[in-house]
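Comments concern the structure below.
A, B, C and D label the chains in the order they appear, each numbered from 1.
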């Protein structure tokens, strides 16, 4: 069973939302209080998915607002060098800063993030800065949930979704739930439902779907609810137990999680999404696309960054093949 | 052609949104600088529509947040005395004030309003204060556009609309556009479109539909756009030129405006909506309902207040009959 | 004992701070919920003192920020018509509103005020809008405590006090404590102390001095503290028990409160201050000035407004004389 | 000429104000966009002065508010390990973050700082968190200008200064002007003047005194103005041209700047202040104290950090001696 994403447009994916700086502890396996140096990477779910997709060969664009400072320029340079189109990138002129995430890696099981998200530039993207002509040039629009957490970024995303619908651009909603930027769980549920009901594909963890539905739920309830609306394909990730894809016509697919030497848990979702989407664009069936997502996630969690570490097609396919060979002999 | 609103529920209409205080110049035909006394009335579009509907005999409820002060208590007493259900009324505990509108009536053509809308209680209605069990008890939910202008009232209304849809409650969207509470026209257009696309009936002036569509448009464009979504019935008012109703199945109805001795222009829209809806509930056809709306508006603009002046069925029908008789002899 | 205020300057008093609108219940002896009409007056402690002083014949100016609306223009017209100089009045261009005080007069003992003080124009006076050349033209600068409650009005007043000191303008500090505009009692105490220590005359109720000192205190402690700094004359009012004046050189004067038919308690302090200062300017001794203050307060509390009701010299002197004659026969 | 600071109290110096994190480019001589790793240090003028003073042997305390996170705990641990008393340190419970300064060292002449100062914990120190009993235990209170830039930290410092005066604690005002946290230059001038007029010692660069006086001024004007008020000793730094000290009784002292291999300009002022104050505590005359300040500044600008690099007495004295010897042979 395939799900067609490809269309004759300039871009395969345009991602909209935040692009920030990750400051990853250079020395790990210790509390951040004892970390003395930090290494700088581009971070933020939608830009990470754009980076991952671009590395896998998709034609990718990014819409977001960057601070007018050294961190903002670093991000712009970095993604341009990867071949991501930055026509939709706006420079903030109001003095807002780049969001920061200091990551602390005490152990594979104990990771935490210290966020700087007050008045960050990405949440100041204005609806007037989302361009209709740009949106109509893409096959898919990837929306990340965090961009809905505050105005005016919230309205910019709602406008982008509305324009996508108008121009038959498929909407992919990556739930990407980060509690620190939201006022309340109830508010999150309202906007998540608004966008999910209008999306073609919704991707998230089981916990994130619980936030969207504002209840502790089961996959069967989730799909019963969402398939009443526009979604065609729903991907629900259950961590080490693997992930599931559901289609509106009633199919259900499953993939295990690939075992790896985990360094940290950050970045797993972004690498999953980019590889899953890449596989659909490449004409793979949904079941195979789930494998690509899982394999890509497993590669990123074994490495130090979330963006730099995004794998190539080759790396993903080698992991899948190696795993299948090994399974033969088990 | 009829449009059925009635269902076997506890309430005909529950209105959601603001309830404020109007301070109307006791002395009129002069600038407010020279007005020395003001008379106090309940005001605010959705509560006015509830008042109008209740006076016309509909079973009416109101959802809104009132200040914990003398003005808030005045409003609560006033609407309770009219028989409006206040189960859904919440008292603000955070010190927010009642919105005020000082009205200045220089001449029938020159009216203005001096608004106090900073941190007003009505805009602090929380989504958690909108009760699913209450919403399911009504045939229709009347939403007023101003309640969408700020959080958390915006989210409370979005939740109410979502619950209404879930329980087959018809959604009536009165555009009620007031520029002073919105950040930008673009933001207004985004939320107006979100709610209008999910409403069953949309009522507004031609200018208000232009705000919703974010362009200078024609009625034909408006209905072409909105009938792609959920609306069944659209009422567009053109001031003294009369008003139009359009149905999804392609009909178009029209009513003239009734000529009167205009004292001020405030309150016309609210009295229009309540009489129009009353007529539909009473089983009148759409064309007759337009007449009820126009006649009711014409009565209110000839009087001093917007709420106290709401007419009875008798007054409305007398005006229509008198007008028809007169027309016979013209 | 006299205290010389007069000097050869253009103005006797320039008052700085708020000018607002009082909306007094036209019908009194009832709760505000039952009041249906309100009468409009100019209100706010410093402008009231300017009005009172001007009516008593002092050359008076006012520095403050007025809303760019009908209420703001009403205030400007009103004080100009009384002959108060408005060179120092600035019109707000940022959409801030005029402060409102709805007064409720249930009985002489039970009065309350419903305030609208969110984002009011008067608290947006900027330090750059206080003009050094204007300040140097006055014998005294009257500062009202409420103007210190928020930035930038706070800094505008601190600048005015600093300029007054520089140009040998006497600073009169009327404590005028209104809890609703302050963040905390501790913050109030800090700024009250900063200004009181630099003032020549400090006037307030015993309760207000307790706020300034951040303790429940006695007059003896108050003067022991303040006379270590710049003040020369301190007036402490004890309500119906009368008022006291203390001088740096150790004198103590006292006046009783004049008995009257009290309608409401608002406006007593402002009328006290203007008559007390008038008497000093007129060359009366401090003891007589206390009588002028008390008599003036007693006249205002028997009338409906705080500003309109400000008495003339004649009315004040008649009350004092009548009272003295009566005392002779007691 | 000596200026006596020492008294029989528990602490020599208590510094009040911010303590933050500096993230210094590990790779320097390049734009920050190309810097990939950052090294973490404690930063912020008053805590740096406390660190410098403590390393020189003074009994030192610190009053400030720290974020309840890894960065806040790092700072607390760091200064405790240096023997600084942290009785006056308060942990923020409202989720505010630690201020950050990313430093960019393109060349010795071209350094810049990218600040994160939105809603930082240090500016949320409350007046109620400043303890009178703690203040009375110190000989001197060191106030840094930036702590005056926002409420409630501003009021906390005003209270500390007032308590210091009450208990004969000498107030040292280090101007430490950082434009990014202030609303306007006029506001800065108002609060700088308020504190400077009440300080015993005022230390700053010529540019900072221009901010305080709100004019482009000369040292002679500065001292004419400030010596009318409480200050006894004023230190004005002119960069590479050296620094000047003025006393109320009319003396003037001067020191050259020591030549060094400059790496960056950050931290010069803090190291100057701590060494200058150390010398006064040690009973050196003012002229010698200026040398200590200059020598200490010259050592810090040649090193990578501002806090870690604070010199010992030995290092300072060696530099002075070496310089004097060299001068002999020139």
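Remarks
Keep in mind that, in the parts below, a residue touches a chain if its C-beta (ideal position, glycine included) is under 8 Å from a C-beta of that chain, and two chains touch if they have at least 3 such contacts.
Bear in mind the structure is a predicted one, so any value in this text is a computation, not a measurement.
A straight line joining the Cα centres of subunit C and subunit D is 42 Å long. Between the CA-based centres of subunit A and subunit C the separation comes to 61 Å, rounded to the whole angstrom. Within subunit A, contacts with two or more other chains are made by no residue at all. Contacts between chains close into a ring here, every chain touching precisely two others. Pairwise, the chains that touch each other are A-B, A-D, B-C, C-D.
Touching subunit D in their complex are the following residues of subunit C: 126-128, 151-152, 155, 158-159, 162, 183-184, 186-187, 190-191, 193-194. Residues of subunit B touching subunit C in their complex: 23, 26, 31-33, 35-40, 69-71, 73-74, 77, 97, 100, 102, 104, 114, 116, 118-119.
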